[in-house]
C-alpha cells in the first residue's frame, strides 16, 4: 500500500475571523499531519506482521489504524468545511429543514452535542445516514467512534487542540467562531453527493 | 421521527450448518431486536430533552444512540450476509484480489481480526473505504466504534452472544462456521453498490 | 518481572446452584487463564521495547496490559466472592446500610447496573472508595475501565461469557444465581481490610 | 449524599516555572471544578432515578459518574503532586529502584506513556499495585479508564487542557516542566501510605 499523503490546508489561514493563524497551522501541522504520519507508520507495522503474531499485538495496532484513519478522515472534512464565507446552501437547507426541524433546531442540537464534549475530546458530526436515509447528528467521544454507513456533511472537531490556544476552555466561543466560518458551498456539495449516494443504495 | 421497525431474520434459521437455530433466533430476537427497542427508546428521550438539559445527560443518551444505531446497522448487515450457499462472487473476488492480496490473504487477516476480539466483544468489518477508494478491513472493539466514510461489504459479529451458546469460548470454530455460511451473492451486491457509490464521490 | 501465575478456581465447580460446572470451568480456564496468558505475553513485549518505539506501538501494548491486568484482578475477585453459602456478613451489612440505604436499596442498584450491561459487556463493582471514604457502586463497560482509588468488595462479571452457556441472553436469571451464590464471609473479609485501609489514608 | 466540595489549588499558581498561572488557574477552575460540578449533577440524577428507568439511561449516567469521579480523583492527585520543590524522596526512590530499574528507567517509561497520549487525551499513572504488590505504570486513554486495586503515587495529566495554552502541541516540553515541578515530599507521603496499605492486604 502506498503511503497516504497529507493534504495541505485548503484555505488561507490568516483569513478566518475568530480562529487564529497560529491555531489553524498548529492544528493542521501537528494534529492532522501527525495523524497521517502515525497512520502510515501503523500500516507498515500491520503489513509486516507475522501470521503467528499474538492477537493482542494485532488488536493494538488495528485500534491504532482505526484511530488515525478516522482522525485523518474527520480532520480533512473539518478543514474543508471551514474555508469561510458563503451563505448556507439551498440543498442542505432544504434537507435539514425537512428532517431536523429547520436551521435553529438542528444547529442548536449540533452546538449542544459539541458543547457536551467540552473539557473532553471528540467530534460532532452531521451526516446523511444511508441506513435510514435521513440526515442525522451524533457525537464521537474519540477518533475511534463512528457510524459505518453514512456520508458526513459537516464535521466539528471538539478535541481541545481545536480551540485551547485561542479560547482556553471557552468551548462555546470556539463553536460560535466555527459556525461563523462554515463553508456552505462545500457542505452543499457534500449534500448533493450524499443524496446521489443514497439513491445508489435503493 | 417514526419508530424504527426491526427486520425479520432474512433466512430459515434451521438451515445454517454450524449455527444452531436456537443461537440464531436468540441472537436476532434478543440482541438485534433488543437494540432496536433501545434505539427507539433513547430517541424518544433525546427528542424530549429540554434545551437546558445538562451536557452529560445529552452525552450519555447520544452515546446510547450511537451504540444502538450502530448495533442495529451492523446486525442487519451480519444476518443478511449469512443466508448461506453460493460461491464467492466475481466482483468482490476481483476487488479483493487486486487490493488485499487474494482470497487467502484477506480472509486470513479478517479471521485474525475477528479472533483478536475473542474473549471480548466487537466486530470485524470489510468495507469499501470511500476516502481512499480501496477495500479495507478493521475491527471495532464495541458497537460505538466505526469509520464514518465507508460502505460495509462483510460484517462479522464477535460479541460472545454470537457463538457462546454453540461453541463456548471456541471463537475460532464459530468463525469457520461463519465463513462457511457466507452469502456471496449479497456480498457481491454490496460490492457493486459500493463501487457505484465510490464513483459518485469522484 | 516474573510471569504472573494463574490461581486455581477457589471452589468446587459442581456445587453452585444455577451456575453449571461447564460454564464455571470454561469461564475460569478460557477467560481468566486466557487473560493471564495474554498479560504475561504483553508484558514480555513491553519489557522488550526499544527506546525509540513509536508511541502508538507502546500505547497499543499499554492498553493491552491495562485490559488484561484488570481482567485478571476482577476475575479473581469474582471467583473468590462466589464460593457460595453463608449469610451476609455483619460488617458489610452495617457499612452498606449506613451509606447505601440498606440491603434492598443497594442490591437493587447493583442488579440494575449489571442488567444495564446485559447484551453488552462489562462489570458491576461495589467498592470502598478511598477518596470519599464511602462504599460506592459503579459499572465498567469493558475491562479497561475502573476507578484507581478504591478497594473492591463485590464484583459481578457481566461479560456474556459469564452466563450465555447457561442462560442465553437471560442476564437477569444469571444475576439472581450470582447473588444466591455470594460468599459473604469473603466479602466481609474484604470489607474489614478496606476499612483498615481507609484508616491508613487518614 | 452531600455534595462533593471542590478543593482549592494546593499551591501558589504564580510559582511554578514552566507552567503559567493562567494555565494552572484555568485547569483548576474549569476542568477540575467543572468536573466536580458535573459529578454533583450526575449524582443528583442518579439518586432521583425511578426503579423502572430504562437501563440505557442508568448506563449513560453511570458512565458519566465514573468519568467525572475519576477526573476529580486524578486531578486532585495531579495538582497535589505539583507543588514544586524538594528532591525525590528516599522511600519512593528505593521502591522504584528495586522494582522499576531505577530513576532513569521508570522516568523514561512514564514519559513515554505520557508522550504516547500526546495529540489525544488521557493520564499516565504510577501506582502501588495492591494485587501484585509492586509499583506499576499505566496509561488511561480517558477519565473512565483505570485499575481498581491500586494506590496512585504520581499522576500526569495528558489531556490537552493541561498544556496547550502554554505549549501548544509540544507535549514533550510540558512533560519536562511537569517533572521539574514534582512535589517529591507528597509523592513520598503517598508511597509510605501505600506501603502500609499493601501490608493491610496481607
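The chains carry the letters A, B, C and D, assigned in the order they are written, with residues numbered from 1 in each.
By definition in this document, contacts are C-beta pairs under 8 Å (C-beta built on N, C-alpha and C of every residue); 3 or more make two chains touch, one makes a residue touch a chain.
Predicted, not measured: the structure shown is a model, and the values here were computed from it.
K.L.:
Would you say B-D or B-C is joined by more C-beta pairs in contact?
P.N.:
Contact tally favours B-C.
K.L.:
Would you mind checking which chain's C-alpha centre is most distant from the centre of chain B?
P.N.:
It is D whose centre lies farthest from that of chain B.
K.L.:
Express in whole angstrom the distance between the two chain centres, defined as the mean CA positions of chain B and chain C.
P.N.:
Here chain B and chain C have centroids separated by 29 Å.
K.L.:
Measuring from the mean C-alpha position of chain A to the mean C-alpha position of chain B, what distance in angstrom results?
P.N.:
It comes to 23 Å between the two C-alpha centres.
K.L.:
For chain B and chain D, let me know how many angstrom lie between their CA-based centres, rounded off.
P.N.:
Here the centre of chain D sits 37 Å away from the centre of chain B.
K.L.:
Would you give the residues of chain B that are in contact with at least 2 other chains, written as numbers and ranges?
P.N.:
Only 55-56, 59, 63, 141 qualify.
K.L.:
Considering the complex alone, what residue numbers of chain B touch chain D?
P.N.:
Residues of chain B touching chain D: 38, 41-42, 45, 54-57, 59-61, 63-64, 68.
K.L.:
Looking at the complex, which residues from chain D come into contact with chain A?
P.N.:
Going by the criterion above, the answer is residues 22, 26, 30-31, 34-35, 119-121, 141-143, 159-161, 164-165, 168-169.
K.L.:
Contact residues on chain B for chain A in the complex?
P.N.:
Interface residues on chain B, with respect to chain A: 1, 4, 51, 53, 55-56, 58-59, 62-63, 65-66, 69-70, 72-74, 76, 108, 112-113, 115-118, 125, 127, 130-132, 134, 138-141, 144-152, 193, 196-197, 200-201.
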